[in-house]
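Following are the structures in question.
One chain, chain A, links the two complexes that follow: it is found with chain B in the first and with chain C in the second.
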Partner chain A sequence: MAGPRYVADPEDLVRVVELDGLSALFHEPSGMTHIVAAPAPQILDMLRAAPADAAELLRRLRACYDFEGDEAAESIHARLEELETAGLVRRA
Partner chain B sequence: MRHRLDIQIGPVAFRIGSAWKEPLDALARLYEPYPAPRDGLSDFTVRLEPEKPWRRFIRPSVAIKGDYVLPDAVPMALAHGLLAAEMGMNLQMALGQKRYLLLHASSAEKDGRAIIMTGESGAGKSTLAALLGERGWRLMGDEFALLDMDSGRLLPFPRAVSLKNGAIRVMEAEVEADRFGPRLEGTPKGDIRHMRPNGEALDRMGEGATPALILFPRFGEAQAIRAVGAAEVFMRLTQASTNYVNLGGRGFDALNRLIAANPALAIDYPDTDTAVGLVEDFWRELAA
Partner chain C sequence: MSGSDKEAVGGEAAEGRAFVPSRRTVLVLGAAAASTVITVRPALAQTAGSVLNCEIPVPGPHAGGNYIAPDGNLVPPGTQGAAPPLARPLRGEEARQLLRGNTPPGVNPQSAQAYANYIRRLQSGMSGFTCYASLQMPR
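Then we have the complex of A and B:
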């Protein structure tokens, strides 16, 4: 069974600044600042392009990035939950 | 208010009202050479009032009021009224300032370029800035650095320097006696003595500077120097800012421009002379 599908706000609503390995995000709709590590910025990029569930998101990420180990799926679920709690992604 | 004082400090005009004469007299002596507000209007109002009406006379204690109020602000003894006025001015700035990104930091200028020093209470940022201000630099402020979000320039806020405990003796050895306020003993912050910045700091209070270096000093440790990465600088400066969250995207952009344009160093130092030497060394390297 497919899980929930997520979407991220478009680029013009989230300002991103790279800070030596981390990214500072300013989320215009909430007025909140977040500091995130990879793969959060990459997840936001992918979900900006089109909504996806965790499995589809992982497929898209694998097409562009290398993932080590077997825990990628679990890790993507965890990151999505964190990003949803932070208000940076929402259910489509 | 029975008693009133209007003063301009850098780009900010204050009106301080008090139910008692003593704290305002002390404040007026300390701020004697400061100009009156340029256009007669004040940006912030501070009121020192009795906690209850009858307490103006009986064991008087000072409650700090103003345009912005913290519900839990504790009334202070009238003997510490000068400190109450200073805390009231800080409070109005910290809660109400919207024109500038406000950093809880000291700053000093040389050759049109400024050093920003921030750290936790007791890290020595006030003392270091005050000392630099007597040794060839211009003191821009000991408590708040004001970043103009459009130009990226730093504006001075040269209020009276609040010296605490050991720093009082350090500055008494450097500065003429008539620039000090009364020594306030046993305040919630320990012993405090205010020191008026020198004539140059006051004459040039309308003159900004371009930031050139961000320092995170820490007093009381063996000498050590560490470069601080942009992510850590960002986190420390957002924590050091009292109004960052209120400024939205403008604050985010201004802060990131500041970080991208300036080196940042953390320095541990055992005494203030060492710290002044380190700052001078960094400054020479930056100029080279």
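Then we have the complex of A and C:
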């Protein structure tokens, strides 16, 4: 059974400032500022294109990146959960 | 926070977009328990007690009577698949439960996601926004 699908707000609603390996994101709809590390910006990029569940998101990421470690499936759920809690992604 | 300590990664292609990295970079997804997001405490900080007791009307008075679609958007009353307005505002603690995927007492579980998405879409100036923003503050 597929898990929840997530989507991120479009680029023009999130101002990004690169900070030497980290990124500061100002999320205009909520007025909140977040400091994020990889892979958060990459996940947001992928979810802006179209909603995806965790498995589809991993597939999109794998098309562009190699992963370090063998816990990708477990980790991606944790990353999505914290991005949802921060309000940077929401369920589609 | 955890992150990539190999090659810098940032802003590459999403599906359907034209840009593809010229060489593959290593993305560290991080341990499940590690955090990659820190939310900066906003200036409208409130005390923990007031956060739990602040209120979020669903929907706000500007949209009284409208229903709420599963994605959180307001739709005309009676729209099929949409959730009816809540009879009373949600308290901060109830909104927190909703945002975590739980259903507070008195809320129809089938409508919970619509209400949660409505709250996530609140913007500055809308009734309940300050309460929502405060709920997201790290303690």
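Here is the rule we use: the second predicted complex is superposed on the first by the 92 of 92 C-alpha atoms of A that agree within 3 Å, B and C clash if a C-alpha of one lies under 4 Å from a C-alpha of the other, contacts with A are read in each partner's own complex, and residues count from 1 in each chain.
One rule holds in what follows: a residue touches a chain if its C-beta (ideal position, glycine included) is under 8 Å from a C-beta of that chain, and two chains touch if they have at least 3 such contacts.
It should be emphasised that the depicted structure is a prediction, and the values quoted were computed from it without experimental measurement.
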Looking at A:Val17 after the superposition, I want to know if it touches chain B, chain C, both of them or none. Which is it: first, second, both, neither? first
With both complexes overlaid on chain A, does A:Phe67 touch chain B (first), chain C (second), both or neither? second
Return the chain, chain B or chain C, that is in touch with more residues of chain A. C
Who does A:Ile35 touch here: chain B (first), chain C (second), both, or neither? both
In the overlay, answer first, second, both or neither for which of chain B and chain C A:Leu88 touches. second
Using the superposition on A, tell me which residues of chain A are in contact with chain B and, in the other complex, with chain C. 21-22, 28, 31, 33, 35
Please output the residues of chain B touching chain A within their complex, sorted ascending. 229-231, 233-235, 238, 244-245, 248-249, 252-253, 256, 259
Touching residues on chain A, where the partner in the complex is chain C: 18, 21-23, 28-42, 45-50, 60-61, 63-69, 71-72, 74-79, 82-83, 85-88, 90-92
Within the complex, chain B is touched by chain A residues 15, 17, 19-22, 24, 26, 28, 31, 33, 35
Using the touch rule from the top, collect the residues of chain C that touch chain A in their complex. 1-4, 6, 8-17, 20-21, 24-40, 42, 71-72, 99-100, 113, 116-117, 120-124, 129, 132-133, 136
